[in-house]
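The following pair of complexes shares a single chain, chain A, combined with chain B in the former and chain C in the latter.
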Partner chain A sequence: MKPLMLHGHERSITQIKYNRDGDLLFSSAKDNHPCVWYSINGERLGTYEGHQGVVWAIDVDWETKRFMSGAGDNMLMIWDVQTGKALGKIEAKTSVRTCNFSYSGNMALYSTDSTMGNPSEIFIIDVRTVDSSFSTNDPILQIPLTNAPKATSMVWGNLDEVVISGHDNGDLAQWDLRTGKKINLVSEHAKSINDMQLSKDGGFLITASRDCTAKLFDADTLECLKTYKTERPVNSAAISPILDHVVLGGGQDAMDVTTTSTRVGKFDARFFHLVFEEEFGRVKGHFGPINSLAFHPDGKTYASGGEDGYVRLHQFDPSYFDFKFDY
Partner chain B sequence: MARRKESDRAQQNNDDSDSNPNDELEEEPDFDDPEGYEDDISEQDLMGDLIRQRPKETDGVESIVVIDGVPQVGPERIEKLQNVLKKLFQKFGKITNEYYPLNPDGSTKGHVFIEYSNASEALEVLKGTNGYKFDKNHTFTVNLLTDFEKYNDILDKWENPVPQPFKEQGCLQYYLLDQDACDQFSVVYEQGDKVAVYLNTQPEPSLLEERPRWTETLVRWSPLGTYLATFHAKGIALWGGEKFQQIVRFSHPGVQFIDFSPCEKYLVSFSPLADSRATDEPQAIIIWDVLSGLKRRAFNADKSQALPIFKWSHDDKYFARMGVDMLSVYETPSFGLLDKKSIKVQGIRDFAWSPTDNTIAYWVGEEKDTPARVTLLELPSRNEVRVKNLFSVADCKMYWQKSGDYLCVKVDRYAKLRKDKSDIKYSGIYYNLEVFHMREKQIPVDSVEIKETIQAFAWEPVGTKFAVIHGEPPSTSVSFYEVKTGQTPTMVKKYERKPCNQLYWAPSGQFIVLAGLRSMSGALEFVDTQDFTVMNTGEHFMATDVEWDPTGRYVSTAVSWWGHKVDNAYWLWSFQGRILKRVALDKFCQLQWRPRPPSLLSAQQIKDIKKSLKKYSAQFEVKDRLKMTKASKELVEKRRKLMQEYEDLRKQKQEEYAEQRRQRIELRNNVDTDETEGRGGELEEETVEFFIKEETTFIDE
Partner chain C sequence: MPVADNEVKSSWADDVEDIDGLGLPPNTEEYKNGLKIITEYGLDDDNRKFKVVRTYKIEKRYVAKAIAQRKSWPKFGLSKEDKPGPNPATTIVSEDVSMQFITNKEDPDNKEDDPLMKLKSMQKGVVKCRICKEDHWTTQCPYKDTLLPVQEALNKAEEKKVGPPPAAAAAGGPQAKGGKEGSAYVAPALRDGGNRKGETMAMGRRTDEGCTVRVTNLSENARDSDLNDLFGKIGEISRIFLSKDKNTGQSRGFAFVSYKRKEDAERAIKTLNGFGYDHLILTVEWSKPSGTQ
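Take a look at the complex of A and B:
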C-alpha cells in the first residue's frame, strides 16, 4: 500500500515514537519543533514550540499525558501532550542526547553530551510533579561518565530498577539504580550505538550500530543472541511486536550522501527474520539515510523517519503476513 | 663473561676470608673433576665460540700472494724482472716483502711470493692481476697463500653428489577429478590480508582453504591451473596439491609482475625496481624453471616497454621480446637467441604469437614513402608467410582468435595527416578490420570498414564470430560478424544503442556477456549468439570485473576494492544470466577461476557427447534436484534448531514476565496495561448524526 508521507519537518528527522495506544505518532527533527500526528491518516495534530536547538530525543509516557524532549539547546522539556504547553524544563550543561520515561512514568532519564570539558552524564529524575520548581529539584541519581565514552542511546530495564546505556565506542552498560553502580558491561559492537529498542515484553533488546550491524541482546543478561548484518551504518532498529521480525534502517553516512547516488547509499528499510538473521524484504522510499524506525504497537504498520525530513507510514500488505519461512 | 664474574666472586670471597679470618665460612665445594673423569661434553659444545677464535697457523699469511707464470730468467736478468714486477704490483699496496725462489743454477723458478701490509691489498691484487697477460707467452696466475690450505682439503677422489630424495607432492591435478566437475576459484579480500579458495558447488560454494596473509598483494593461477602463485616482498611462491602445500619458491626481491609460459614450464618474474642496485648480473627479469625452481636466465628491463615484455609461443619452445628495430626470439631450453641473432625489423611497433602455431604476427609503422605492413613470420624457419601492406595507418592492434584460425588486425586509419613540428596529428580517423584466414591457402585477407570509433573487439574463442562495440558512449552499438571461407565477413546482428564497454565470450563460444562496467554502472546482458536472443539482463551496480569459469557454465561479476571502495562483493550467475549467489566481503579485491588444461577428448568424442546431451542432462537434473532438496533440508534443519533455542529462551522470558505482572501493575497505579497495548490503533466506528437542514415540501394531491 502507498505509504503516508508526513512532511511537517523542515530538516532531518532525529527520532519518531508511537504512544502506547498507537493512535499518535511523535516525531522530532533538527528543526526545533517536535510534532504529533494521527497515525491513522497522517494528519498533524500539533507541534511543541519552545526549543531553540536541534531536538535529539523524544518520549511519551504510558498514559500519553506527558511528552518529553531533549535538545541541542541544552534543554530537557516536559510538555502536556494535549495542550502542547511546556510544563517544566531543566537546563543541562551540554546538549541532551537521550530521554526516556520509565515504565511507571514516575521517573525519567536523560543523558548529555560530552563537550567543552563537561563529561557525558546520565540523570535520573522524578517527574511526578512537574511545575515551575521542577528545574531546581535535585536529580534522584546522577552518573557522570568521566573519561568514558559518551552515552548515545538509553533504555529503561526491567521494572524500573536498571537502565541500559549504549555508548559511542559500541559498549553496552547496565546500571543499578539503587546503588548507581555499573553492574554489567559488554563490548559487542565495534562502533557507536545509534539506537536501542526493547521488545514488547522487555525481554529482548535490539541495538543499531554504526559498525553496519544490529544485534539482539537478552535485556537482562546483555548476552548477544543474534547479529543482523548490512553494508551500511545502521541508525535504528525495531522488533515487531507480533511477528519474529526486525526492521533495520540506516544508510550511508549523512555527510557522504551528497557525493553519491541513492543507489549507493542504500537507504532502504530492511526486514530480517529475528531468529534466522536472514533478510527477507526491503522497503525503499527515503532519499537519505533512515534515522529512526518504529513499529506500531499492533505490528501492522511501521514508521520511518529519514535524513530527507520525511516520516513515512507504511501499512503492511497482506503478503507480508502470509510470508513464512520454512522450518 | 659469566666465567669472569664467577672468578671475580671467588676472588671476593677470598678477600672476605682474608679480611675476616675469624668468620666461619662455609667450606667451598670442590668443583674439580675427580681423577680419571671424562667429560661427556666435548670442548666444541662447551665453548665453541672460543675455539672458533683460536689463532690459526695461517694467521699473518693472508697478505701473501703467490704469482705463477712469471718468466724464468737467468741470474743476470733477475734485477730487471724484479723492477718490472715491482712497478706492476706496487699499484695495489705497500709491498713489505718479496721472495723469488731460485733454481740451483741461479735462475728463477717462475713463481714469486709477495707480501703486502694487509690482507685486503692482497685481495685487490688477486682481482687485478689474476689472468694478467705479462707478455705473449706469460700469463699470471695469482693465488693467496691461504688458498693452498683450501685446495689441500679437496678429496682426491670424486664423489658423486647424493641425489635429493624424491618429495611426494601428491596429485597436483586432483582438482580435475572432482565428481561433478565443479570449478575452483580463489578470492582475495580484506585488502589482500585473506585468501580463500572455494569449490563452486551448487547451491552453495564450499570453502576448501582459507589463509590469512597468504599473499601480500594478489594471487595468480598458472595457465593450466596446476599452481597458485602468491606474491611476497622477497619473491614468488607456488602452491598446489590437495592441501595447497608449498611446491616451490622463487626468490626475487621486489617482484611485482609474473607471467607463466603457456605450458607452465617456465615462470617470468619482473621486479621493476631491481635494476637500481648496481650489480653485473641483470636483476629485473628472471626466467625460472617451474619444476626445479632454478633460475634459467635473467634480463635487464627496458622501462618504457609494455607488459608483458616477453611473449611466449604456445608450446613453450620460444619466447620473444621487442627491441628498437628488432625482434629477439629466444629458444628453450638453451635460453639463447634463436640462430644466435635477433631478427632485424625496421620500425617494429608490436608483435603477437599465434595461440596455436609458432607464427609471430608483427606490424611496422609507416616511414616516409613505405607503407605500414603486417607480417606473419614462421619460426624457426623465419619464413615470411604473409605480408600485408596498409596505407594511411595511425595505429594497429592485433587480435588472434584463441583457436589460431584467424587473426584480426584493427587498423586506425586517417584521412588527413598534419605534422606540427614533432607532433603528428591525425584527423578523420576511421577503422578497418583486416581478417587473416590462417587456415586457408596463402592466407587471404578480408577487410571490414567501420566508420565509428571501436570501443572493444573480441573473437569468439571457438567458432567463427567476432563482436565489436562501436560508436561514442553512451550511444554505442554492438555488431556481430561471421567469418566464412572465401567471403568477406558478414554482419549477422547489430544491436543499436546498447550501452556497454566490454565483451566477454564464454570460453566455449556461443554465449557472450555484454557488460557496461565502472562508469556504465554495471549493466549486464547475456546473449546467445546462435539465434541472438537476449537470455537475460542484469545489473551488478558498479561492477569492475566479469569472469567466465573455465567451462563456460558460470559467470562471476565483482566490485573490487581496487576499483571501487564501497560495496565490494562478488556475484555468481549462470551462463543464462540467472543470479545464483551474492557474496559481500569486506575489502574484496579479486576473484579468479582456476583454469583447466585443454580437454583431452577428441573432436569426435565431443560430438558424441553433444549428441547424447539429452540423456545426460536428465541425469544431471535429477542430481541437481537432489542436491537442492538436501540443501534446503539442511537449511530447514538449521532453522528449526535455531528456532527451538530461541523458543526456549522466549518461554523463560515470558514466564518471568508473567511473574512480574503484579509489580508492573503496581508501577502503573494499579492499571493493568498488559491487555490494552496497541488498542488505540483499532478505531471503533462511530456514527455521528448532524442535523443540517429541514425542508418541508407540500405535495399536492
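Take a look at the complex of A and C:
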C-alpha cells in the first residue's frame, strides 16, 4: 500500500479521529491548530485557529456539524466544522485532557489534568446550544477526582447513561450520569491508560496502556475479555469495524538506531487477532512512536498519527482482507 | 530503431524560455485522459533548475449527499489559500509499505530454511567448478561429491517435518520468535544448527565419543558460526571446538565437531571431506578419542 503522509503539524500528533461517515479525518497535535482532512485523498480542508497550547484531545459530533477540542491552554473550544469558526469556549482550571461528544450529540464530557492545587475533574455539559454565553453555562455534572488518580481517557457508554474513564494508575471506572456516582471500578492494568476506544457497536472497549498491553473489555460490565501483549508501551489501540482485528500502536522505548533505511521509519503498528490475541501483522512507516490510531468506519483504511508529526493514511491491500488466521 | 547519435541531447532547461527573471518557465496544469498533471519548476540549493511532475488521477465517486456536500466546502484556516486538490506541502505520497504478516506457524520453517538458503547462496559465489558449474573445486569433476544430494535429501526431510510442527507451534508459538521476526540477527546459540544448550564445558553428558570429527586445513577467517552453518546442515551438532589464536581470534586451522548422532558424523566425513571452503580444501576425518578434549 502506498500510504499518504499528511504533514500538517510541526509537532507530535496527540489524537486523530474520523467522523461518523469517514470522509473527514481530524487531527490534533502539540502545535495549536487541529487540522481536518479529506480522508479519501489526504487533502487538507482546513485548520482551527484559536488555541494557544497543546491540543490534547478532539472529537466531532455525529452530524459532522461541530468539532470540539481540548487544549493545554485550559480551554475547551467548540467549532463549526465547515467554516472553522469558534462557536463557544469554556475555560477550565487546568489543561483539558480529554473531550468527547455523547452519542446523541446533545451532551459532551471533558476532563482536566490534576495539578498541585486542583484535582482532576470530569465535566458533563449540555451542548445543544453553543454560543458566546456557552462559557457561563453550568455543567450538568461535575465530578472531582479528589485524591484519586487523574483521568487520562474517557468514553461515553451505553445509551449515554454512563461514562467510562481510564486513569493514571490503570484503573477503569464507570460513572452513572443520573446519580453522578461511580458504579464500577476494575484495575486490570498496571500502569496508566493512554487511550480507550469503543468498537463500532459500542459493545467492546479496548484500552491501551503504558504497561505494554492492550486489553479488551466488555463495555457494560467492564469484564476483561482479552489481553494483547507487546514489548513496548501501547499508546493507542483500535478495533476494526468489519473484521476480528485490533491494531496497537506505541513504542516509547530505546530506538534501535542501527536502521538501514532512513526513508522508511521503523516504528510500526501491530495488528492482532481479536480473539486469539496473537499478532499477525505489522506495518512500518512512522519515524517515531505512534500516538494515535483510528480505523475508518468502513474498515478498509486506517490512519495513524505519530510522535514525528505525520498522520499516515493507509489503505489495506487485498492481502489483508484475504488473510485467514489459521486455527 | 537507431537514431542518429549526433542528436545533441539538450537539457529541457535550455529549451524553455526565460519567463521570469529567475530563468524558470511557468508552472503548468494539464488535464489529459482523466489525469491532472501539474508541472512545477524551481531552483534547488545548488542553483540548479529542477522540475517536479505530479500526476493526479481524477475519479468520480458516488457518495451520500452529506459527504458530497462536505467535499464542496471552501477551505479555511491555514488552508485558505490552497487550490482545489491536495496541497503537496501537506499531502505526500509515501514509500510503499506492506503489512508484514507474522504467523507463528511460518516461523520455524523460516528459521530453518534461512541458514540453508544463506549457505546455498553463499557457497555458490565462493567456488565454481569449471565442468558442471556447481560449487566445488574442479579437480576432475563430475559433480564432485557435492553437497547438492545432501541438500536435496535435507529439503525432502524438511517437507515431511512441516506436517507435525505447525500443530504444536501454532498453539503456543513462542512470542519471542514473532517479536524477533523483524530483526535479522539471531544469536548463534539460537540459530538452527546451533547448540542451544550452550557450549559449556561443564556438561553432565558424556560428549559423544565416536561422534566427533576433526576438521583440518581451515582458513584463518573461519569462525564458530561458519562451522556451525556448514556442519549443521549434516545433522545436529552437540559441540564445536574451534582452535583459535587467543590474541587475534583467528582460527589456527583445525576444529573438532561433535554430532549428536554417529550417522551424522559419518555423513559429514563423507560429504565435507575435500570440500572447498574459503580458499582451502577441508579435511574431515574421525577424530582420535583422546584428541576431543
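We adopt the following convention: the second predicted complex is superposed on the first by the 311 of 327 C-alpha atoms of A that agree within 3 Å, B and C clash if a C-alpha of one lies under 4 Å from a C-alpha of the other, contacts with A are read in each partner's own complex, and residues count from 1 in each chain.
Here is the rule we go by: a residue touches a chain if its C-beta (ideal position, glycine included) is under 8 Å from a C-beta of that chain, and two chains touch if they have at least 3 such contacts.
Note that the coordinates shown come from a computational prediction; the quantities given were computed from them, not determined experimentally.
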| item | value |
| --- | --- |
| Combined model on chain A where chain B meets chain C, clash or fit | clash |
| Which superposed partner A:176 touches (first chain B, second chain C, both, neither) | neither |
| Touching partner for A:73 - first (chain B), second (chain C), both, neither | neither |
| Partner, of chain C and chain B, that touches more residues belonging to chain A | C |
| Touching partner for A:126 - first (chain B), second (chain C), both, neither | neither |
| Contacts of A:326 with chain B and chain C, given as first, second, both or neither | both |
| Contacts of A:105 with chain B and chain C, given as first, second, both or neither | first |
| Partner chain(s) touched by A:231 [first = chain B, second = chain C, both, neither] | both |
| Touching partner for A:218 - first (chain B), second (chain C), both, neither | first |
| Which superposed partner A:49 touches (first chain B, second chain C, both, neither) | second |
| Partner chain in contact with A:23 - chain B first, chain C second, else both or neither | both |
| Chain C-contacting residues of chain A that also contact chain B | 21, 23-24, 40, 231, 263-264, 325-327 |
| Chain A partner contacts - residues on chain B that touch it in the complex | 541-542, 566-567, 584, 632, 635-636, 639-640, 642-643, 646, 649-650, 653-654, 656-657, 660, 663-664, 667-669, 673, 676-683 |
| Parts of chain A lying in touch with chain B, wherever the complex brings them together | 19-24, 39-40, 62, 103-106, 158-160, 200-204, 218, 220, 225, 231, 241, 244, 252, 263-264, 274-276, 296-301, 325-327 |
| Residues of chain C that touch chain A when the two form their complex | 61, 63-64, 66-67, 70-71, 73, 75-80, 82, 85-87, 89-105, 166, 170, 173, 175, 178-179, 182-183 |
| Of all residues in chain A, those that touch chain C in their complex | 1-8, 21, 23-24, 33, 35, 37-38, 40-49, 64, 82-84, 229, 231, 256, 263-264, 268, 271, 278-285, 312, 314, 316-317, 319-320, 323, 325-327 |
